[in-house]
Amino acid sequence: MNWTKQFLFRLYHEPMGFFGMILVTLVILSALFAPFLTTHDHNALDIANRLAGPSAEHWMGTDQLGRDVFSRVVMGSRIAVWVALVTVSMSLGIGLVLGMMAGYGPKWLDAGLLLLFDTLRSFPTIMFALALVTVFGPSLQTVIIVIVATTFPVYGRMVRTQTQALGNQEFIVAEEAMGAGMGRILGIHILPNIIGPLFIVASMDIPVVVTIEAGLSFLGVGVRPPTPSWGSILNDGYAYIRNTPWIIIFGGLPLIVTTLGFTFLGESLRDIFDPKLRRDL
Amino acid sequence: MAEPVLNIRNLSVNYFTPRGTVQALRCINLQVPPAKVVGLVGESGCGKSTLISAVIRLMAENARVAAGEIRFLGQDMHRLSSRDLQNIRGKDMSMVFQDPMTALNPVFTVGRQMKDIQYRDAVSRKEKLKRASDMLSLVGIPDAVSRLDNYPHHFSGGMRQRITIAMALLVQPKLLIADEPTTALDATLEVQIIRLLKELQTGFQCAILFISHHLNVIAELCDFVGVMYAGELVEKGSVRDIFHRPGHPYTRALLECDPSVIAEPTRFLPTIPGEIPSLIDLPAGCIFHDRCPRAAQVCKNTPPPEVSLAEHHTAACHCLEV
Amino acid sequence: MAPLLEVDHLRVRFKTKSAVKALIEKDDDPYIDGVMGVSFAIEPGQTYGLVGESGSGKTTVARAIMGLLPVHSGAIRFHGENLVGLSRDRIKPFRRDIALMFQDPAGSLSPRLKIRSILAEPFRIHDMMPENLSVEVARLLKMVNLSPSMGDLYPHQLSGGQARRVGVARALALSPKLIIADEPTAGLDVSVQGEILNLMAQLQNDMGLSFLIITHNLAVVRHVSDHVAIMYLGRFLEQGPTQTVFHRMRHPYTQALLSAHASPDPDAVHHRISISGEIPGLVSRPRGCEFHTRCPGVQEKCRRQFPDKAGAGKDHRYFCHYPLSVPEN
């Protein structure tokens, strides 16, 4: 209790973090309550009103099919947040398990897992995505697979290094001397010591994932139309950028807000939790 | 006594923390005479490190000198400009640290580092390297000329501590501050380093402020000893007075606790019961009264006076038999 | 009485390169020796002191006994049963009888767990949960003179002496017969060292525990141990009853170590048997007697061959070609 209070107090005194927190809350609220926030059906066509500018009726104007951009942006936040949370938690989970195994397990396992991490990390994301799309076709799942496969090795490597450093410490040797098994040592003694910094990295990874998803959808290898994704909104507006720039502007705005929000929040979290920067507590 | 090299007068240092003001040092008076070795003993939390950081003016961000002054060669250390300060550090005053493994920069050769610290002297590079190798052979590093090209990791722990001592003495300081220089070393090495310091000190005639929690080392090396407890200098005097005729109950207890002092093997060793009082809420009266075997009522209420026991030998205690 | 622990010609070797690399480089012996065949025995209720400078291999001996390192050859018998070569499952019951106390008081306690959970660990690991855990934890804390409310603290909130006590309490949890204490006084102030040693002595009296104390501090060993071994580069250079080794030492290294630990007296004329240099690394193990590079009495023979074991009375053993004459008392 006290701890949460202290955390909020600290966050309040990190103006950037506080600002980031507000932006992140906005994005998450909009994703949660999207159906109640939209003013129109996000897929309803209104050919008569196509490419209309912002007005009281359409706050962010309409696109080339006359769909309400505001409603599409709001619904798009669902995709963005969902993809971000799913991929980051999957990467984190896979990275944790494999990284701890590599860091604490036998040498051959470490060598094998490292090879896997480095191989996957060397895949160029876009090429990898295009290759998968030719095999499985464009879909949200493809996006998730691509992002998870290219980001979990980063977590894996990080976890491995931290596990190795902890594995040599006396409290781990003490557990081994008492006869504790690998599961117990990893789960109870190593995990709590490495999870904190990992969450901070994850929160800073969310904006990266959001932009990758938008990028893939923009290229047409991600979310299938007519599902609104921020990337596909940008793609829709791209052709009309000269005459009706608001589609691009309003489609890009949420991307910037999300990216900034999570980055500010992540950096403040790091400042708050990094024991080297922390003065007391 | 001649004009002291280092004169600490009524020094008090506070740390400001969220939990309150920690009165880490209170009213310290200590003099280091020229060409003498002054030892500071005390257990963890007694303020030894704070005292050093105040002397070299490299204090933590939240520390303030609340009162008193530190005069080094007559100059007030805490009134000097940072430029004057730089001219003192590493020239008239140099330091040897506890951990020989981290005191040297791992990416430069020993020769390079020893040459660089002579940057103030207008002599040729060759001359500087010559001085460096001379100094290395003086501290007992064989084959010094060729070892100038080695990196710190080529040397063992004891050798590195010799190198840090060589570097500290290279500038011919008036005062050498040695902060637990033998703590990280094995007993047989400790003996070697202490002997070396003693020889060099006699040769260079520099004053040494030597900090240690190890009584043997203090007894062997120092001329004068100060005993610190919970931020106060409870007793000071010549090394013989302190070890043979200790006055303050804390000094006595500390000497009695050392397992190497107790001649007859025993399974039950003496201890000092209790713990160091909080330096945020200082107890009234004597700082040691709650652990003191001789504590009387007056000790609980009134801070003890500084009692002179012999020339240069004083102790802060109510219950001394003078 | 049969010894509780008997270590017989224990040898521990460390691999220096992988099997593949050794094969490529045609190195038939890619090992260095950590422990070179040491033998000793600990009787029930007794304390054995293992003394040596850093790098002498004393911690390696402890870890080998705990089964944390592979043993190359030799035997470690506990109650007559050889622990060397036992599988993980077979060795687990013995870990209840042998407990280890670590060098770093706070560093050997899991930093994110409360003291209460740290003390419960031994029970959880061995599936021996007591009926009322908090009573058990309080009992353990009380045994080491800590208040039960300490159970709610985290390791970093303890002082060095308190953390060390928690280490003792954890070692006691499963009522072991032998406690291996690695530098029990390292990093503690002089006034606290006595507290820990007294606590250990008291526990030994009350429970009949045996201790193997590993330390570089001869002053400590002199007071607490019945037998002592002086270790150097993986060998016991001298071993025997503490009084004998301290007063009738035959090995020059023992003498040098002892003189380095003289009592603090500014007037003492130090007959320091100064030995120069430092303990060589395991990789550059000297030929012949390992100590010859630093020995003040070194002669030609010392450089060529390691001395045979020599005895001087009951249980007193040393390895030296030119032993010191026994000082007259």
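Per-chain residue numbering starts at 1, and chain names A, B and C are given in the order in which the chains are listed.
Please note the rule applied: a residue touches a chain if its C-beta (ideal position, glycine included) is under 8 Å from a C-beta of that chain, and two chains touch if they have at least 3 such contacts.
The structure presented is a predicted model; accordingly, all values stated were derived computationally and were not measured.
J.: Average the CA atoms of each chain to get its centre, and name the chain whose centre is farthest from that of chain C.
T.: A
J.: Report the pair of chains linked by the most C-beta pairs in contact.
T.: Comparing chain pairs, contacts are most numerous for B-C.
J.: Just the number, please: Cα centre separation of chain A and chain B in whole Å.
T.: Comparing mean C-alpha positions, chain B is 53 Å from chain A.
J.: So what's the Cα centroid distance for chain B and chain C, whole Å?
T.: Centres of chain B and chain C (C-alpha means) sit 32 Å apart.
J.: Give the residues of chain C touching no fewer than two other chains, as numbers and ranges.
T.: Chain C, residues with two or more chain partners: not present.
J.: Enumerate the residues of chain B that touch no fewer than two other chains.
T.: Residue numbers touching two or more other chains: none in chain B.
J.: For the complex, give me every residue of chain A touching chain C.
T.: Touch residues, chain A against chain C: 169-171, 173-181, 184, 188-189, 192-193.
J.: Flag every residue of chain C that touches chain A in the complex, lowest number first.
T.: Going by the criterion above, the answer is residues 63, 66, 68, 91-92, 95-96, 99-100, 102-104, 107-113, 121-122, 124-126, 170.
J.: Under the definition above, what is the set of chain B residues touching chain C in their complex?
T.: Listed in rising order, the residues are 43-44, 156-159, 186-192, 195, 213, 215-216, 218-220, 222, 239-240, 243-244, 253-255, 257-263, 265-272, 275.
J.: Quick one: in the complex, what on chain C touches chain B?
T.: Residues 53-54, 159-160, 189-195, 197-198, 201, 216-220, 222-224, 242-243, 256-257, 259-268, 270, 272, 274-276, 278-279 of chain C touch chain B in their complex.
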